[in-house]
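You will see two complexes here that share chain A, one where it goes with chain B and one where it goes with chain C.
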Partner chain A sequence: MNISGESLGTFLARQTVQAATPLVMAGLGELVAELTGVINIGIEGLMLMGCIAGYAAAGISGSGQMGLAAAILTAMGTAAIFAGVTIWAAADQIVAGAAVNILAVGASGLAWFFYQTTRQAAHQSVSLGPQVGFQSVALPWLSRVPFFGPVLFDQYMLFYAAVILALLVWLLVHHTRTGAILRALGDAPEACQAAGISVRTWRTAAVLFAGACAGAAGAYLSIMRTHAFASDMTGGQGFVVLSLVIFGRWTIPGLVAGCLLFGGINSLQQTLQTTRYTSHSTFMHALQHIPFEFFQMLPYVVALLALATLSRSSPGPRYLGQAWKQ
Partner chain B sequence: MDSSVPPPVLNSPPSKARRYGAQRGVKVFLLWLSVALGAVALSVLLVLAILALAGYPALGILHRWIIGAAGNRFNCAASVADACPLLLTGLAAGVAFRSGVLNIGAQGQFLLGALAGVALTTRFILPGPPWLVMAVAIAAASVAGGLWAVLASVLERYRGVPIVLSTILLNFVALYLVRAALHGPLQAADTSAPQSPQLKVIYWLPILIRNTDFHLGIPLAFAVALALALVLGRTNFGFELLITGLNPRVANLVGVPVARRQLAIMFLSGCCAGLGGAVQVLGVTHFMLGNFGNYGYTGIAVALLGRLNPIGIAVAAVFFGMLDTGSRFVEESSLALPHQMANVVKGVIILAMLVASAWMMRRSRSPVPETSENPTSRDPQQVES
Partner chain C sequence: MLVLENISKAFGPVQALNNISLAIAPGCVQGILGENGAGKTTLMNILFGLIRPDRGQIRLNGQVVAVRSPRVAQKIGIGMVHQHFKLAPALSVTENLALAVGRNFGLLHRAVFRQRITALANRLHWAVNPDSLVGDLNVGQQQRVEIIKALLGGGKILILDEPTAVLTPQEVDELIPAVRSLAEAGITVIFISHKLSEVTRLCDRIAVLRRGEMVFAGPTGELSSGEIAQRMLGTQSAVPTLGASSAAPGPIRLLLSRVCCPVPGRHGVKPLLDNIDLSVRAGEIVGIAGVEGNGQTSLMDAILGSLPIRSGVIMLNGRDLRHEAHFRRARQFACIPEDRQGQGLVLSLSLTANLMLRSYRNPEFSRFGLRRVQAWRAQAAELIRSFDIRCAGVDVPIQALSGGNQQKALIARELCGHPPVILAVNPTRGLDIGATAFVLQQLAAARRRGGAILLIHSDLDELLSLSDRVMVMYAGQLFPTHWPAVDRAVIGRMMMGVAPQAA
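Right after this comes the complex of A and B.
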C-alpha cells in the first residue's frame, strides 16, 4: 500500500469511497426490491455470480466492457430464478435466498474451475492482462482539485454510475408515479391489485433490477478494484448490503450514509493493519496491542449498535418478505 | 388497510409454519417424499448435463459420486460424519423456523460452540478424567451457542432489532471473535496462522466403528434429533413453543409466557448449533482453523428439506453428507472436479423443493387469500402485559 504520495486523510477518504461503491450499487437494487416487498438474502450469491462472470468474460473476450455486461446478465439470470421461485411460485423468500447463496458458491466454483482448465489447456494466462480490467477514470479539471479531486473525481467508472444511479433512484422513488407504485407494492399490494397493477410483474422487474445492480457490484470487485477472482471473494458483503438497507431505514440517503460509514471503518481498519507496525506515532504503537480481528469486527458491531440505538420510526415496507397470491 | 394494525416486521407469523411446510398426514408425507426424490433427480441430472456439455464423462462421475458417498463401510461412515454438523445446524434452524423465528445465525453459534469446545480441550483443561473434560467442553459449547442466540433475542425484545438482521451481523462478529482467539490465546505455538493446537488424542471423541470416521458425536447428534422430535411433538412445552411462534397474541391469551418461550426457542436453537461446533472439533477435525466451514448457512437448507421435522432433518442431513463425501471423492479421483459441484446440487434441490411445496400447499388448503391472514406484529411489546 503506497500512501507516500498523498496525505493519510485523502488516502483514507479515497479508500472509503472505493469500499462503499459496490455496497451502494448493490444496495440501491436491494432497496428497490425491498420497497416492493421482496427481501433477497441471496444478494451475496448474486454478487458472487457477478464476480466470476465478469472475470471470466473479461478474460475470454479481452474486454472489460464485455465482462461488465456478462456480470450484469448473469446476476440478472440468477435473480430471475429467485423471482420465479418467490414471486411466481410464492415460496418463502428467506429460504430461497439462502438457496441462491449456496447455488452461487457451487456455480461460481465450477465456473472458475472450467475457466482455469480451459485457459490452461489453451496455454493462455488465467490472470487478466493489464489492459483488460478497468482502470480509474480521472475527470478533466476536477480531478486536480486538492482532496476532492482524488477522492471523488479519480474513481472507477462504476463509481460515477453509482452516483448517477443513486440520484435517479431517489428521483424515481420519491418524485414519480412509478415510485409511488413501487412503494405501494410493498405497503398495500391489494391496492395495487385493485388499481389494475400487476403485483407480480412489477415485483419481478424490481428483483431483476436488483440482480443487475448486484452483478455490476460483483464486477466492480473482480475486474475494477482488484483484477482477480477468489472463490469466496464477496466475503459477506452481500449480507452487509442487506443490513445497510435496513440500517438506512429504506431511504437512499440513509443507505449511502451507512455504506460510507461501513466503508470508512473498513478502510480505517485496513490502513491501521498495514501501517501500525511501520508508523512512529505512539497512537499507532498503542494500537499494535489490539488484535486486528477486532478492527475487522468493528463495522458489524457499529451496525448492530446503530440498529439498537436508533429509533424505529420507520418499520419498513409493510409486506416485506411476504408472497403475493392472486 | 386499518392503520391501527401494527405492520409486520419482515414476516407474518400466522402463516409461518404452513409456509415452511409444517403439515401432517401419511398422504402429505408420501407426496413430499416423491417431490423430494424428484427434486434430487432433477438437480443431479442438471449438474451432470452441465458436466457432459463441458466434455466430462457424466456417467463415470455419477458412478464415482455414488461409490464415494456409500460404496463401502468407510465411505458410508464418512458420509454420516459429514452429516453430523449439518444435522445439528439443521436442527438449530428447524427449531427456530418452526416457531416462526428467523434465526439465520446458526453459523455464528456453531463457530462459538467450536471455539468453546477447543478452548476447554486445549488451553483450559479442567482437572479430571478425559470423558469428564469432553463432557464439560461439549456442554459449555452448547451453552455458548445458546447464549449467542439469546443475545439476538434480547436485542429484538428490548431494542427492536429484527432477529433476521442481528443474527446475520452476529455471525460476522462471531467469526472475527473466533479468529482473534485463534490468533491470540488459543493459537498453536508452531504457526503464525489463526489456528489452534491439535487436541491430545485422549480428548478425541472415541471412534465407535474401527477404521472409519464413525465417532461418538454421531449417535449423540441423532439422539438430540430424536429428543427434539419427542419434546417438540409430544409435550406441552413443545406445543407452547409452536404457538408462541405461530401467533404470539393467541399464545399470550391462553396463558403461555410468550417472552420466556421466545427466549427458550432461541436458546434451544443456539444450543443445537453450538453442540454441532463442539462435536465437529472433538470428533472430526481435532483442531480449529480461522475458516471453519459454512455449516450454519447450509443448515437452513437442511431444515427446509427435512420439513422442519427433526426426523426429516436427520434424513436430509445424511443426504447432504453423502453429496459432500461423494463430491470430495470425485475431486480426489482422476477427474479432479471441484467439490463445489455438490453445492449446485444442493441449491437446485432447495429451489425445486420450494416451488413444489408452494404448489402442494396451494392444493392442500382452502382458497383463502393470503391477506386475510391479518398481519400480526411480532413486536414483543404488543404481546407482553
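Right after this comes the complex of A and C.
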C-alpha cells in the first residue's frame, strides 16, 4: 500500500516514531520522578490536562507555541497539587495519583464544554485553523536520506525536542552530581538528608518536571498529531508510560526501546485495521470479520506480556512510593 | 586540641549530661565508654552540631567554636560516622562521596573523586574500589566508605558512634588497625562503645560516662578492666553469675541427623548446610560458635522450617518435623531471633500486644475469639515486673522502649511459658553490660528448669561461659569440640577453618 508515495515500511516506521514520541516525552518525566521515589500514576491525567489546555490556548491565541506553553504550565500546576498532597502532606501516592486522573477527566471535560460554548457564542470556529497547529519540520539534507530521512528528520518539532531531552536526561542522571542526588533520593533519602539536601524540595522539583513533560506530551497529542480534542483522548497512554518505565528497568535506553516497541505494535495494528478492507489478499480479507476492538487491544496485550516476562529482576528504587517524613 | 568545657544538657526532667569537661589531643584515639543511656551519644551529637548544649562551650585549637549544625561541624573538620550508615546502595562509592561532599551541580568529575578516594585509602592502607556499588560491599567496607566520606572534606576529627555494633567479630579485628592507622595519619578519633574489651585494646585515653556524669577520664592503662566496669556500672556487678549446669542432662529434645540444604541461587558454590548432626538434651545449652555467614542463619531456618532441607531428619521430642506445616512447626519452639526488630517484635504494636503474641490464643487470654483485656494487662504487668522491663506503662508502643528493654520484652514473651526447646541467635548483640548479664542469666535459669537450649552466638566469651557443649560452624559444616577440655584458642582456630578435625 502506498500513502503519499511512501513504501509500507517507511510508513510504518514513521507512524511508530510518531506514536512513540509522546510516550518518550512523558516517560522521561515519570522516570525522573520515580528515581527520586515518587510514583505518579496520575500521569494519564496530567497528559489529558495538557491536551485540553494546549488545544484551547492554541485555538484562542491562534498560536501553537502558546498552546504548548499553556499545556506545560497547566500540567505543572496539576502536578504541583499532587506534589503538595503526597510529598508535603505525606498522603499515599497511588491514591493521590488516582485522584489526579479522575480530576483530570472532569476538569478537561468541563474546560472543553466552556471552550466550545464561548467559541460558538462568539461565532468563532471550535477547531484549530490549518496553520495553528505545528507542522512537521524537514531538516535540510538529512530529510532526503532514504528511509531515515522521512522517519527521523521530517518530524514535528516536539519529536526533536524529545530526542534532545532524552539525551540531556541521560547525561543528567548518569554523569552529573545532580543525577547522583536524584537516584539517591529514591534509594537512600536519609543519605541525602545527611548531606544537607532537602528531600522534599528535590522530589517536588522532580514531580514538577514530570508534569511539564506530561503536559508537552499532551499538547503533542491534541495540537500536533490529531488537531483535535476529544474527551479522554489519551486513552490509557499515561498508564502505558508507567508500565514502560518499569519495562525499561528505570533506564533511559530501556524506556525509549519500550516506547518504540509499543508505538510499533500500535501503528501495525492501526495499519492492519485499514488495510484489511483495501487489500486483495485472502488473509487480509479474512481479518475483516474480526471486530476492530480486537486490534486496539493488541498493543496492551503485548505490553502486559512484555512486563510479565522481562521485568522480573528489576526491583526499582527502594523508596518508590514512600513518603519522606523528617 | 579539642576541648569540651562544662557541657550540660537536660531533656525535660532528665539531666542527660552534667558538667562534662574533656580535652582531646590531636592524633589521639579517645574512647568514650558508658552503658546505653549514659549520655555518650548526646555528647557526640553536641560536638557534631545536632544538639545544642544548655551550658558549656567547645574550643578547637584555643578558639571557641559554635557548632550550630552538622554543616558547621564539617566545615571546622569534625566528621561523624553514625551507627546506621547514610549511604545509597544503588550508587557507586564515587557517586556517594560526590553526593555528600561535592558542591557543584554540573558534570561529575569522576576522575578527580577517584583520585582523592584512592589517595586517602592508600594513606590508611585500605583497598577501596571507587567504582563498586555500595550495595555490593559488606558492612565493614561500607563503614570504610563512611569514614572516607567523613574525612574527604578535610576532616581532622572523626567521631565513630558504636562502630563495632554492626560488625562481625572478624570485621572488628580489621577495623581496629584501620583506626590506628587513622591516628597515625594525625586524625583525632573519638571511639564510642559500651564494649570494654574493644576500647581497652584500641584507645590511648578513655572517658567513662555514667548517667550523664564523667566518672573517669585518663590514659587507658590507669585502671584495670574490672575497675572500669565498676565505674561504668556503679554498684552493679559486671560479671553475670550464672547457675551451674545441671549434672545430668535429660532426654534428647531436638535432634538433627545428616541434614543437608541445597545451594542457594546460581552463584553459591558451597551448600548452605552440609551433613549437620546435632542433638540438644533437656537441661543443657549447646553453643554454636562461628564467624557469621557460615550457615548459622540457614541452620535456624532449617529447624524452624522456613528453609526446605534436601535430605536428613529433624526431630523434636522424637517426632519427625519434616512433614509439619511451617507455622505449626515454628510454634513449638521458643525463638529469640537475630533480627529482633524484624522477626521478633511487631514494632507498630504496643508492649502488651508484643508480649501476648505467643499466648493470645490460650483460653485464659481470649474468649469467643475476642481478647480478654484485663487478663492481657495483668499478664503484661507480671512479665514487666519479673523481667525488669523499664517502660512507662503496659500500653506504650514497643518502639518507645530502648533496645535492651525491647530484647527483654522479647525474651519475656518467649521464655514465660517454660518452653521445652529454646533457639537463640546473638541474644545479647547491641545490649549494654547490664542487659547482657540479664539475658544470660535468663538463659541459664531456663536451663535449670530443664529447657533444651540451642545458642548460636558470635560473642565467643559469652558463648563459652554459658554452654555445656560447644560446636563450631564453618562453611556450612558443624564440628564438635571437647570444650571445656580444650583451649579457647583451639576453638578460635576452628572458627577460622584451621584443622577442625584435630580439635
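Going forward, the second predicted complex is superposed on the first by the 313 of 326 C-alpha atoms of A that agree within 3 Å, B and C clash if a C-alpha of one lies under 4 Å from a C-alpha of the other, contacts with A are read in each partner's own complex, and residues count from 1 in each chain.
To be clear about the criterion, a contact is a pair of C-beta atoms (placed from the backbone, for glycine too) under 8 Å apart; a residue touches a chain by one contact, two chains touch by 3 or more.
In this text, all values refer to a predicted model and were calculated from it rather than measured experimentally.
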{"item": "First, second, both or neither for A:Ala188, with chain B first and chain C second", "value": "both"}
{"item": "Which superposed partner A:Gln322 touches (first chain B, second chain C, both, neither)", "value": "first"}
{"item": "Which superposed partner A:Asn101 touches (first chain B, second chain C, both, neither)", "value": "first"}
{"item": "First, second, both or neither for A:Leu167, with chain B first and chain C second", "value": "neither"}
{"item": "Which of chain B and chain C A:Thr178 touches, first, second, both or neither", "value": "second"}
{"item": "First (chain B), second (chain C), both or neither touched by A:Gly196", "value": "second"}
{"item": "Touching partner for A:Leu142 - first (chain B), second (chain C), both, neither", "value": "neither"}
{"item": "Partner, of chain C and chain B, that touches more residues belonging to chain A", "value": "B"}
{"item": "Chain B versus chain C as contact partner of A:Ile246, first or second or both or neither", "value": "first"}
{"item": "Chain B and chain C footprints on chain A, overlapping residues", "value": "188, 190, 318"}
{"item": "Residue numbers on chain B that touch chain A, as the complex places them", "value": "1, 7-12, 19-20, 50, 54, 102, 104, 155, 159-162, 164-166, 168-173, 176-177, 179-180, 183-184, 294, 297-298, 300-301, 304, 337-338, 340-348, 350-351, 354-355, 357-359, 362, 369-371, 375"}
{"item": "Chain B partner contacts - residues on chain A that touch it in the complex", "value": "39, 41, 81, 84-85, 89-92, 94-96, 98-110, 112-114, 188-190, 231, 236, 239, 242-243, 246, 291, 293-294, 296-297, 300-301, 303-304, 307-309, 312, 315-316, 318-325"}
{"item": "Touching residues (chain side chain A, partner chain C) in the complex", "value": "175-181, 183-184, 187-188, 190-197, 317-318"}
{"item": "Of all residues in chain C, those that touch chain A in their complex", "value": "70-71, 82, 84, 86-91, 95-96, 98-102, 104-108"}
